[in-house]
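Worksheet: the structure to be examined is printed underneath.
Each chain carries a letter (A, B and C) given by its place in the written order, and its residues are counted from 1.
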């Protein structure tokens, strides 16, 4: 079955010469959660934004394939793209306070989405908004419609964001760090909600995060990004049970697991910092921090298949 | 080259030029600005009929060379602008920082002082002062300096309130730093960029106000070549010899315009460096 | 080493010159006793008051009631220099915890300079020594914070905190703003320094996995009080308060295949200006009864362990 979102060899560069994304490929199927995980500066947010064509002016984007169902996203006009955004492709962000307009009520913002895409009346829009607020677990939705964003807590605002993204029954939902700004108990609730909605609506979910815990619990497929590339990708099981790329392994060693990580020993860590990637950078971006680096790492790095759908780019033979 | 860089460059050029003129007045002015020659009154500028290159901008009603008066007038404008800003800046910043940092009652007092100041009409105060003490350069500088501090205070207070909650201020307190150290070394350097922008705008304002006061006879006394005074003295001759009023008017406009452009440019430049 | 006795901190909301009635009970009766060399982890979510408590322990915020004692002396009675020699902070945000207008050596040297009795030469020597200890190259001393990465800035913050060789370091979310790989580096550094310099830490965080790794003793804070406190292994193995249990269940470990559990805390969120009657957790508690609405479960429990719940056993 054709994936809902398919990207192959996406490249994004900015005006100052930084190559933020250098050949990213991924697929998200219907009803599947694909997590894009990496640390700050790896290009995961830029990947998401470029899918929705929301990059800053002056950014250059190119891809061999960038398809939503069978529509080529790179060839769509701005107008057509605007019609898709918020309708069949929706996105939610990290900071619900800045994603919601503080000057308008929740109801009017949500209804506007339906009015714009489906040309229905305000009343119909509000009706659907109330329905969705209830669906995301907000009690007394009628009252909430009349409230302003600042009157709600962070967790509630994020639920409103999710409800707003669902107004037009999207097929693809991109969530960029949706729970990073929330308390841990609220985070669990929001993620459960996303899972439920996904089961009900068959949503394809592209979830961007730096938190490996979220990846482990939410994802069916994972892509690990470093310095603009996907260094390892595969099913969640494969990635956590047999991590292959040295960066993935380093990352997993850094995260303490209560009850499992020994207390009096130092945590695994990755020495050094992420290098700055200009145009014309060659070789593996991780080689300065990798304990297994060899001379070949400065050249072209081959893509290796470890098992079905578990790939990595590394000069080492599969471990 | 963006429009912003161009306009900032223009601002720097204008202010720099006028500053140079003011400093080099002694060498640039062809005649003594106070020397009167009643035989040579109201000679038009060199590009009009009857003008000559001996008096490039003509003479005024008392036969004084206008170009020389203009050049020396630049000194007065810039001097007043700078001294006023230094005085009002010190007063306003001190009040604002103290109120913003300590909060509570102290802040209430500072806010009250600002509110009172905003309620005072500048011209009436100037009138009263002049009536009591007479007009002079010093009086103008003091009056303006002691009255134009409110924007400094407001900006200093707001920025101080933002900065005092930052972790590095807490870290300085935890490190055992004294309060004067915190105010001078931790807070002030970090609000300075905002205050510099206010300073350029207040300077433009001070120059304009001095011109207005001098125009009303409440500012710099004659025969000093303040541009405002020159405009005042010229108003009787406005329709017959327009250059007497146009020349200082244009000069004033250009200077204030330049200062504002400079202020805008500074705000952008410093704003960007703040965010990094 | 460090003790809190019934510390309270209430804020009254002032609106202009006429004070309003709103009282925010940020810290509402906290007591603990931490021995030298230990690490007290304080966990809690937003609104629980842990940052306010951190500031009180640092002596930056005087308690509205109660006392904080360090080695038997009341913190309030110490002058700023004595206090600085005993307790120092490391804050969360490496971007706002360093003065952007000062060089690294001035920043790290500030505690020494503030003592007023350390010669310039000695200050310089101590600063350079500290920079080496935290793993920064000597040339960093002349740079400005904007030229350093987040991890490097946090190391500078650590150097500043330790330059006076304090007894206690209050770490307020020291790694929450850092990438995971950098976080591990910094946590390892903190552990090493603690052993080398014989420090006592108070480690405030919302990240339970990190606290479990780092702390010897853990306190769970909710709406201004420690609702549970126990040695680290005890708390994680046998949590007694429903809130602690909910927190532990919400932690998403990097282990695939485990579903996300429903912690059942409901919609309402804690507001320190409106503390519920009876047990302060009852509106969100999955096992609350009528008794919880009226009776406050406060009181010392046998064995010194705190667990403020009617059904803790």
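Rule of thumb we're sticking to: a residue touches a chain if its C-beta (ideal position, glycine included) is under 8 Å from a C-beta of that chain, and two chains touch if they have at least 3 such contacts.
Quantities reported herein were computed from a predicted structural model and do not represent experimental measurements.
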Q. Can you list every chain in contact with both chain A and chain C?
A. none
**Q.** Label of the chain whose CA centroid is most distant from the centroid of chain B
**A.** A
**Q.** Centre distance in Å when chain A and chain C are each reduced to the mean of their C-alpha atoms
**A.** 31
Q.
So the centre of each chain is just the mean of its C-alpha atoms; given that, what is the distance between chain B and chain C in Å?
A. 50
(Q) Based only on mean CA positions, could you tell me how far chain A sits from chain B in angstrom? (A) 54
Q | Of all residues in chain C, those that touch chain B in their complex | A | 17, 55, 58-60, 80-81, 83-85, 87-89, 91-93, 96-102, 107, 110-111, 114-115, 146, 157, 160, 164
Q.
List the residues on chain B that touch chain C in their complex, please.
A. 108, 166-168, 170-178, 181, 185-186, 189-190, 276
Q. Touching chain C in the complex: which residues of chain A?
A. 39-40, 137-139, 153-156, 183-189, 191-192, 195, 210-219, 236-237, 239-241, 250-261, 263, 266-271, 273
Q: Name, in rising order, each residue of chain C that touches chain A in their complex.
A: 45-46, 149, 151, 179-181, 183-185, 187-188, 191-192, 206-210, 212-213, 232, 236-237, 246-263, 265, 267, 269
